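A, B, C and D label the chains in the order they appear, each numbered from 1.
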Amino acid sequence: MQQKFTDVLTAGLWKRIPPFRLVLGLCPSLAVTMSAENGLGMGLATAFVVTLSNGAISSLRNVIPAKVRIASYIVVIATLVSIVEILMKAFFFPLSEQLGIYIPLIVVNCIVLGRAEAFASKNPPFISMVDGFSVGVGYAISLTLIGSLREIFGAGTWFGHLVFGEAFEPMSFLVSAPGAFMTIGTLLALQNLFSRWRGEKFIQG
Amino acid sequence: MDLVYLAISATFVNNILLAQYLGNCPFLGVSKKLETALGMAAAVIFVSVLAATFTWMVSTYVLRPYGLEFLQTLTFILIIASLVQLVEIIMKKMSRTLYNALGVYLPLITTNCAVMGIALLIAKKQLPFIEMLVFACTSAVGYGLALVLFAGHRERLQISAVPESLQGTSIALITAGIMALAFMGFKGMA
Amino acid sequence: MSEIIRMVVVLSVIAGFSAAALTTANIQLGPRVDAQIDLYVRGPALERLFHKPAKDVLGNKVVIDVDGVGIPVFYTLQDKVVSTLAIEAIGKGGFGGDLKLMVGIDLIKERQTGIEVVSHSETPGLGARIVEIAFRRQWQGLPIDTPVALTADGGAIDAISGASTTSRAAVNGTNSALDFVRERKAEILKLIAER
Amino acid sequence: MTAPILLLVGIAFVAAIILGIAARVFYVEEDPRIEAVVDLLPGANCGGCGQAGCSSAAEAMVKGEIPVNSCVVGGNEAAEAVGTFLGYDVTGAEPTLACATCEGGYRAARKYNYSGLQDCRAALQLYHGFIRCENGCLGMGSCRNACKFGAIQMSSATGLPVFDPERCVGCGSCVAACPKGIISLVGEQTKILHWNQYTQCLSPCRQRCPAQINIPKYLAHARKGEYAAALLTVKANNPLAIATGRVCPELCGTECRRQLQDDSLAINAVKRFLADWERESGERLKVPVAPDTGHRVAIVGGGPSGLAAAYYLARLGHRVEIFEMMPKLGGMPLYGIPEYRLSEEQYNWDIDGVLELGVKAHTGVALGKDITIRSLKAVGFEAVYLAIGLWHGRLLPFEGKELPGIYSGIDYLRRFHTEEEIITGQRFVIIGAGNVAMDCARSALRAGASKVILIFRFSRELMEANPHEITDAENEGVTMRCLLSPVRFIGEDNQLTGIEVEQVTLKANPGGMPDVTPIEGSKEIIPCDVVIQAVGQAADLDAIVEADGIEKTRFSTIDADEETLQTNIPGVFAGGDCFTGPRLLVEAVASGRFAARSIHYYITTGEIPPIEDRQREMMPPAMVDSLTNVKQIATRAVKPMIPVQERIGDFREVEGTISEEQCRSEAGRCLNCGIYCYDQDELPSSETRTATSCPNEPHIVEKEKDTVAG
């Protein structure tokens, strides 16, 4: 049990860290990572949803008939997402404006549904929540990383603070759409390189 | 004239995939072959219009008049999911050819953020009916366009000498970035 | 058949619970959300229009109902007389969608005090230049009884180069606000007086 | 509070009801395995796998179009679950592994130098690749790059892909990546069901062998001392290795490229060594058998064709029963081939090999008399294979034909293996010059005849028997008299005393046998007391035609479709001599496996798919006319033979088996040919002369581990 707990907890942080190991949830990774702050906010919102939805779905897993499995999961997830939406609006309004429709779109983020299906529907609530938490936090870390890179090099700031001083001419294409694709592409390549260097058998292609 | 602006804006300038980043998971998934990309594009257009119409109706005639906008996310996803599943079931039975060409992509669309995104954008912009139809259709066409163009690139990529670590999703994303760069050029049309 | 019934029941129950949870959340947090929207969305625009801190102005708000849509109107009082109004207006036909504007009107001088952009989704570098002061300054001091228009249409406003669509949307928004004030002035003042 | 709840409950309620009803009304029947796999997949429908959602991904996985680890959501857990499910599937699917057919590699001739993109698919765009051979591997490693499991390495020695069976999961991504289509997924079933195609790399010997044995491969194993693997390669196409190892006329050898400069390989001698190696070890090699499918097949005729069909059908998991009219299984090789060529004791090893797979045999049951096709079908056999052979020896309709002492060749030979009395005599005349005639002549000598004369109405060159049979017969004392035509049989007191013959001349007849013209006044009488006529065989089909309505040809053979062997009655197949007319043992074996293929498809799917690009004739590019850079090595694999003087009066096997050392050196002469290529001496032969093509065949790997290593 202890072993499994640690395994599950750490899995999301490296073994299946989205969106790199688990190439899922790319849309928000691309869309909202203009800055480290946005990335972190989005990541935490997703982490919140995935943790609670894993818990809820795991508790309900024996009640829900197979035919309406996905539909029920979607309803549960959508509810949680709506709550997050309201919470963000009430307490972090500027952030919620920045993230815009990507907050409600957490509903269709494959990570949430994916973890619900792959893990929560087969495991008891507590461990499912641990799994959701782990993957969610992993996702938040990734998004913050992507956001940081794009913000530092694309705008010369990090969480709004100047990094390079005034003289730095930021590569502003990084904060727009093309930069998003390229940053993640490059990070993915680095991760592949690392996996290859470590000699892992399964390489995500 | 406004409708033309709206159409151009939705298809090119604010391309739902390359500028709004919606629907990327299937974008990377089904763009490996031109054939699948075409099927997916057609399915997205079909479902987007259908889903947008239904969600628009619910949003305009139920949610907004009764002040239930906070239920928007929940109702939209529920409607889209059921609608897609229904269409799939019917299509599978009615026409196997149509199902193979189009229907197999339907489940993929349930969780496609592009479809949901279009519905949400329409609700946010509070477009009237005709504009809604044009917007939904042209956004989806923009998605299809990007998908098909990208599939062409990836077919070519398959036989290119790509460094080992960059192979697969990695190079695909970077290529998509370059395409997005090209689509940025459309912004000059504003 | 029993399978279908079970499906229906489970899905309905889950949906019911979800709706209940959401409604509760909405009732509890709704007012706070509204306050946040005023503070962050309209606040900056009001600050600039009224030259006062946002929290001083946000309280001075009345909502006028027009065809089922509530239009918020902010005001300042000078010696207990309503001096300036800020009306939220929708500038239809922007390139990336409608613009949300705040139109300032000095009731004493019967002049416009300027427009502020609350939110827009225009193209950066083109339509987005609508937020630049050089463009918006053109409104200051315009009369409130004649509609504004672009120079191309024989008016006084120079359009942003390369973004006449956006400019025209701003003009349209202004005109709708002016019409609104002209038609509803009595109603507005009455509501303010009631507070 | 109530309004939103009512709204959502309403939507959910309506949606669930519509979906529930629609799912029932519009229900579509599907492969149950697909649904099972869908359940194993996460069902997020994200599209990350490149398929259109989870159900089409499941369908593609079941069909083997995409690897089981395609699901990015499920990750390795889902991959393992699906893999386990599909791998050990109850409906009979079996794991398959990737395998390339090309033998070319570095030795393959090039059309031009290519220095473009290092990818096979790119290289193929330029004049269809730089390798001259259409079927040749380009060696750029697109398959290696496509493999997600690191199971493919490009061999630095040969330039060909090498598959690691431990890592290969049979996902098929390499198959999809290879633009030449030379990689395929091979499992035990596919090997049995496969027939040569023009798109394959086939050495000339492999093209010529009726049973399509992978000769270079078994020779490659043999020269490395991997006899188990070598023999299993033979058995993949021919279960009667002992019998063919002794009596096969080696058609393969006639195409061997070695004979362009020295002797063709003694391929059959190697095969005989391998077969005897197994028999002498006393322990039969295990062959993989598919799980029981429950399908029942009846085979009528326990000869080579029936045995081969039974063997392969049993290996495909079907329940097979053989019905044999003679008291023992074995057919013509048992009753028609004398002991000194193929002893019954030896042949039984082959027959037991078939029976040990669980095949049931009923002997002494004749079709048309004891059973009919209808009765077989009535007791639950889904398919019937008729391999009844040609048991009716033709007799010449001359004057005196009713005299005692005149027998057909089959009639004569059969008696050595039945309870019937053996025909004896002092002076024998044998009519005919086929293998049966030689067998009769040599048997007669052994059975005590003092004088055996063989008469033949054509010239010596036209004798049909295997050349070494003719020389052996002459060495043993058979008198050959060619250009003699029988006229009538002469008898006294109802006792044969001689045969009148006359000399003939031949006139060449383009496109057929020569015309025969008798020479006036050349008649003579050859005194004899037994005449054996080996002038042809036929099947006695009247009973079957009458009972079941099977159609026959004007040659009195069973009429069946060439491509499927199916007769006019669905589910009834015919093959072997009764379909083709008298042919070689190895051809009967081949038709047995071909019938097994048709029957397998017939009983499992209901239809028999045609073989695409089926190789029917020798492929012209394979017919090279000279060898370069090949050292001359004469064959040393001469079979030991017992001296002529010891043979007479003794039915011991005349030919012996070569030694292990001879076997390995003979196998070492193999040039490991492909369509164009062959091993040249300047190449590091120790490297290229290995069975590199596909070590990825499951049972071989297994065997090498536990048999060969020991």
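Everything below uses one rule, namely that a residue touches a chain if its C-beta (ideal position, glycine included) is under 8 Å from a C-beta of that chain, and two chains touch if they have at least 3 such contacts.
Bear in mind the structure is a predicted one, so any value in this text is a computation, not a measurement.
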item: Intersection of contact partners for chain C and chain D; value: A, B
item: Graph separation of chain A and chain C (steps between touching chains); value: 1
item: Middle chain, criterion being Cα centroid separation; value: B
item: Pair joined by more contacting C-beta pairs (B-D or A-D); value: B-D
item: Whole-Å separation of chain centres (CA-atom averages), chain B against chain D; value: 55
item: Separation of chain A from chain D, taking each centre as the mean of its C-alpha atoms, in whole Å; value: 59
item: Inter-centroid spacing, chain C versus chain B (mean Cα positions, whole Å); value: 31
item: Rounded Å distance, chain A centre to chain B centre (Cα mean); value: 21
item: Residue list for chain C, restricted to those that touch at least two other chains; value: 3, 7, 11, 14-15, 18-19, 22-23, 25-26, 30
item: Residue numbers of chain A (touch at least two other chains); value: 23-24, 67-68, 70-71, 75, 78-79, 82, 86, 110, 113, 204-205
item: Two or more partner chains touched - positions in chain D; value: 4, 7-8, 11-12, 15-16, 19-20, 23, 44-46, 48
item: Overall pattern in which the protein chains touch one another (line/ring/star/complete/other); value: complete
item: Complex contacts: residues of chain C adjacent to chain A; value: 3, 6-7, 10-11, 14-15, 18, 21-22, 25-26, 29-30, 32-33, 36-37, 39-41
item: List of chain D residues in touch with chain B within their complex; value: 3-4, 7-8, 11-12, 15, 18-19, 22-23, 25-28, 44-56, 117-119, 121-122, 125, 145
item: Touching residues on chain D, where the partner in the complex is chain C; value: 1, 4-5, 7-9, 11-13, 15-17, 19-21, 24
item: Interface residues, chain B side, partner chain D - complex; value: 25-26, 28-30, 32-33, 36, 39-40, 62, 66, 68, 71, 74-75, 78-79, 81-82, 85-86, 89-90, 92-94, 104-108, 110-112, 158-161, 167
item: Complex interface listing, chain A residues touching chain B; value: 23-28, 30-31, 70-71, 74-75, 78-79, 81-82, 85-86, 101, 104-105, 107-110, 113, 173, 176-182, 184-186, 188-190, 192-193, 196, 204-205
